[in-house]
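Listed next: structures, encoded as structure tokens.
Two complexes, one shared chain (chain A), two partners (chain B, chain C).
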Partner chain A sequence: MGIPTVTIPTSEFVGLARDTVRSEGAAEAPFAVIPHPVAGIGDADLRAKVDSLFPQILSAATAWKPASTELAPQKQPYPADVFKVTGTVADVNKMFMSRKWSIGLPIYPPTPERLAEMLKGTSRNPDEILGQVPPRMATLTVELVAVHAAMAGCKPEYMPVLLAIVEALLEPKANWLGVNTSTGTLGLMIVINGPVVKELGIGSGQGAAGKANHPNSSMGYAVNLVAAIVGGSRPPDGDKSTFGGPQDFVPWIFGENEDRLPKGWPPYHVDRGFKRTDSVVSVLGIYPPVDLTDHWSRTVQENLSAWASLATPRINAGGVCRPPMALTPYFVVLGPEHAQMAARAGWGKDQFRKAFWEEVRQPISWYPKPCIDYIKEVPEYKLAFEKAYGLPFSGETLLPVTAKPELIHIVIGGGSGRHSHFFTPFYETVPVSKLVKE
Partner chain B sequence: MNNVNRVGFAFLTTFIFLFLLHLGCFAGEGGQQTIEVCNPSGVRSDGVFVDRLLKKSMTESRKDKPPLAGNFPEGKTEKIQFQEDAFGAVNELFYQRGWTDGLPIGPPTPERVKKMLQGTDLDAEFVVATLEPMNGRATVGKIAVNAVMAGCRPEYMPVIIAAVEAIAEPAFDLRGLSTTTSPDAPMLIITGPAANKLHINHDSNALGRGWQANASIGRALNLIMNNVGGSWPGITDMSTLGSPAEFSMVIAENQDGNPWPGLNIDLGFPKRANVVTALGAEGMRGIIGIGHTPDQYMKLVSEHLAGLAAQRPYWPVVVLIIARDTAAELARAGWTKETIREAILKNGSKPLAELESRFFKKGQSSFKIPEGILDTKDPKAMIAQPLIGQFIILHAGGSGEKSMLIPGWFGAEKAVSKEIRLPANWEELLEKETK
Partner chain C sequence: MKNRWLRDLGICMVLAQLATVPNPGWAKEAVQQWELVNPAGVIKSDPVKFVARPTDLEGKTVVLRWNAKPNGDILLNRLGELLVQNIKGVKVIKAWEVAPDTRIISYGHATSLAVAKKLAVLKPDLVIAAPAD
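Up next is the complex of A and B:
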């Protein structure tokens, strides 16, 4: 039958493991469950745990048989079930919360009337299948997006943008799976460009990523509802995020402040290869950003020097030293007042990008020991590192946060005030941009 | 609900969807229905609604959002007309007036506000605090109205009231926090047995999705700051980019298996007191400590703090949240909260001379360091990077070797803690609500 394979989750993660097995289409799989934690307990304790687990591993590998190889019969994803509820809006909210069709905040009850209104906002067929939402891998249809949009209080005219966001997230390279399940404090960054920003009143100025604008709040809420309800990204088993964060309610979602682009700087979607007149959404799974408060710099050079110790992502286990990290994309969300300093100096966008990339380099010796030890472990790693970065691995080498300046993405975000933000993405995720179509 | 369960619930799906609204509506003239709602907005001691002043300022600076700012009848309640959808009508109108955060709100009908008031035995007219920047008075009644909008349960009221008291303390610097260009937003830490009773999450996803208490308590506070205090985005709240933290940021301490004395002890409260601690949170930094020894961990946290130190030499509050796996590991190796603080601050230390050349030689006086914090003139003295007034260590979070660093608003003196005063019928209330 093949090679016996046993999955070894810790007791904290066995729920996620079981759900994953089912989501991937198998009824069951053999597990050997080890008491949590295995990290940070010292060699002796770890060995003891593994030793006492070994009989289980052996038996699972050789003697395990599934109780059933058949999955329960699958439902059709369309149309969505309709059912009767007698009561008030508050009762519906209570019911949805107890069924875990909620992330803890009020919803509009998704009545057939609201659904029909919402579907008027798109010309796409409600039975169109968009993909499978991780980690549950449940099927997402246009209709189901509209149901969650209705719950979030979106307006029908938001549907094209919402559909573009969801489609972008469903691309495997967006790694929505990672965002929805990792122990990290992860969330989404959603940047919107083009005419649709003004058409829909999407916040792109003061407080754009906060609570100021209905399109941002409700669309962001809808996306997170889809992740929680359709995707099953819920604590404690689906979403293992140690802390979670406010971005689990509403992600970082804002329009680029195209009005305040420095002269000659293309908007972000043009960087991505779209036409200026296109409306585009770009998504990325991210850690909470680092913010730069800089009221004091008068020149762009001074401002860049302020970034030096701040834009140091993943100064933690391994991180930058690992060869696959060499192609990590980062986002600088520049406040307009900071961008203006570059403009006054006559700097183009690529010039700023390159200067930023050079400024935030650190000598390899600056990085923590686990980062450096990783390379020293295996000779091939050193070679891989040098190939990836094109730099010699030695203490004095100035290591950039990413191998190429082009991987520093720049967006103008927010209104007045001397603040900018630096976003680090989750592992194995890249920004995905999609055209907004009617 | 996964597909397997859906099949099991198939019998439910044979019903037709029907939906009755019992929101105190009654038909008006010509089939027009109305719903009565309570006013969430702050009234100042001179009797003026904060919206009026904000509208005036909007007109002066030619701002047009929110479009219906100040456009409402003065009074405790009003009747709002609707065609078929009372919920939608209230949501839309309130949003246009600048009273919501763009997410669905629970319409604050008199019945629902009355129910919310059962969560406290304070009189509805009692003024808990006056809130800057526009000095609206946060009465118990106004707090209840905003709590209904936020989706709270009545038993959350004592927590929200304590939070409002806390943010009104001068040491919190509500004026600064709610008007700054910085991305700060209020954060609440709840400690004491009431946290568990109210199902305020302290474990996996403690700050995030899924828990009504965390989500709605923080949201109520933000709505109160907005509606009663008059902190309006783009008008008085000048946060350059804003952040999701403006929706809600609430966490409870994890007392299960806490290897160290709890936060109450650190703050000088009795161990089993119920306390709300409020601070302005300026972002969050995830600290990934996977594979780090304790010493490496201390160094890692110092490195994150170095980024803060590069901006300001002194931060009044910094919170370090250590989740249980890392906390257990550190405690096993003999670390206490005191030794952790000490080691972290020692690691990043730099000579005073360097600090001076960076922050003080340029004649910048915006970096005020309180008396007694920096009490040496010796240029070779090693100074912590940054100097921290109140370095809070909180045991909370789920599994995973993760920690989180939260810088506090620089204008505050410290995080402000207030005891949660429970109503006389507290036990009864909890009993009733869990049904």
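Up next is the complex of A and C:
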């Protein structure tokens, strides 16, 4: 647009800022780097930092010139380069780790033979471009998905599901960029529905999202390899997660336990507008779930009262601090035994959803005080909040997890045992569902 | 008791044999020549050309952009004060006050572009942003 800019990243975030600039086509950009942190410090300290930085800001505004004007010439994304190396499998793994082509777990060396075998699992052309993986924005082709599938130890027949997953993630509303770069302890939830669950033996019952399910583990590993290697999502710069976690290795990936749906409850992909006979994947960026361990409740009403203190949007400072988040979707993965309590009461899925929305509420006063004070100071925020929730903004208001009951998504997950899980999604992400195609 | 003793003795004898006789079936991991596919992918981007910066900010319009992250407004408020105190005739516009819909985190190119267009409407000579964290 022909307008010069200056960006003020903190010292801890300048690496990510530089990577972002490169992914947008510039070798560098004018930054004025302020010592970290900015958030969470007092006004006087922050003002002192700005005072110290002022000369640098002025210099960036008026005197900055790029040292180099062009990036290196671009290669075509297909076919991927092939290179030679001598060593053992362990040596290959060590080399991949040093080149940032690994997330620290063993990989199968991606030979052209393994790649060719993997590509037999899909009828799609290997040169088909699927999109750019954030934050590094390298181009992802069908071929490159197969490379990562081979590294993760997937079977060729997993390719259609894997391709559907990455296509869903590449939709902007999935906010894969945010999941890959945020300071939050973020990961992915991937729900698989339809005939493909049984065809491939995707874990959907006992321990569905855990170990010992080869399709789940290997596909999840492949997705996260794509994010780390193609997308550059790795600490300390591409992935700014404060703490990280095991979800960085394998996401929460499971098949819905459609065999244990209460009578009359549609499976999740039918909720999403697909046919029961379709095979569908649904993805969402999420925080680690809360396990509702409820062995005591004998009725669904008792069960819902147990949720109230656990199911919370406050993990992400919820809808209160940012009014647009009032319309955030939340996920309830109901264990089959908890789902049966609703069924015994004669409740359909929508009835459970509405009851959850009405019963599971927490006082606004539980939110961080600066968040509450901020909303009180900004009139349009207070109005937006009250409009979204239809509730007065006061410390006594009991806030539902989200503004409308239809924003609560319900999936039946896992096997026997009285556990359900509540997933808070990441900021500005919504579930994205894709049909699995051959 | 005697049978168990004999059994245990037999096991020890077998283990002793295994420990002393190399088994040709247990090979060391082989060093080999690999042909491997590069998994990194290629970054696609349209090269950016930077416009010339103003040589000074006297009489210029500077737009400050805040993305709603905590304390970003305090940082930019102080910057605004310093600009006014130190630069003659500078006009400071706080985008979040005049265009509240720019006060968002833009998780991606499309939203960033939309925000940039809204900032451009303010006719800045320079935009300064404090994005994170």
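We adopt the following convention: the second predicted complex is superposed on the first by the 420 of 438 C-alpha atoms of A that agree within 3 Å, B and C clash if a C-alpha of one lies under 4 Å from a C-alpha of the other, contacts with A are read in each partner's own complex, and residues count from 1 in each chain.
In this section, a residue touches a chain if its C-beta (ideal position, glycine included) is under 8 Å from a C-beta of that chain, and two chains touch if they have at least 3 such contacts.
Everything numeric here is computed off the predicted structure, so don't read it as measured data.
In the superposition on chain A, A:G153 contacts chain B only, with no contact to chain C. In the superposition on chain A, A:P109 makes contact with both chain B and chain C. With both structures placed on the common chain, the touch criterion links A:Y221 to chain B but leaves chain C unconnected. Contact with both chain B and chain C is seen for A:V85 once the two complexes are overlaid on the shared chain. Look at A:G415: by the touch rule set out above, it reaches chain B but stays clear of chain C.
Within the superposed three-chain model, A:R136 lies in touch with chain B and with chain C [touch as defined at top].
Of the two partner chains placed by the overlay, neither chain B nor chain C lies in contact with A:L391.
More residues of chain A lie in touch with B than with the remaining chain of the pair chain B and chain C. Contacts of A:D43 after superposition: chain C is touched, whereas chain B is not reached.
By the touch criterion stated above, A:E12 is placed in contact with chain B and with chain C alike. Once both structures are placed on chain A, chain A residues 10, 12-13, 22, 36-37, 39-41, 71, 74-75, 81-90, 99, 101, 109, 111-112, 136, 138, 151, 183, 240, 370 are touched by chain B and, in the other complex, by chain C. The touching residues of chain B, when paired with chain A in their complex, are 1-4, 6-7, 12-13, 15-23, 84, 87-88, 91, 95, 101-107, 112, 150-151, 181-183, 185, 201, 203-216, 218-219, 222, 226, 233-234, 237-249, 251, 282-292, 296, 299-300, 303-304, 306-307, 310-312, 321, 323, 325-326, 328-329, 362, 364, 366, 396-402, 404.
Here chain A touches chain C in the complex through residues 1-10, 12-13, 17, 22-26, 29-30, 34, 36-41, 43, 46-47, 49-51, 54, 57-58, 61-64, 66, 69-71, 74-77, 80-92, 99, 101, 109-112, 115, 132-134, 136-141, 144, 147-148, 151, 172, 175, 177-178, 183, 225, 229-230, 240, 322, 324, 370, 380, 427-428, going by the rule given at the top.
Residues 29-57, 62, 68-72, 74-75, 78-79, 82, 86, 100, 104-105, 107-110, 116-117, 119-120, 124-133 of chain C touch chain A in their complex.
Remark: chain A residues 10, 12-13, 19, 22, 36-37, 39-41, 71-75, 81-90, 93, 97, 99-109, 111-113, 136, 138, 151-153, 183-185, 187, 205-218, 220-221, 224, 228, 232-236, 239-252, 254, 287-296, 306, 308-310, 312, 314-318, 333, 335, 368-370, 413-419, 421 touch chain B in the complex.
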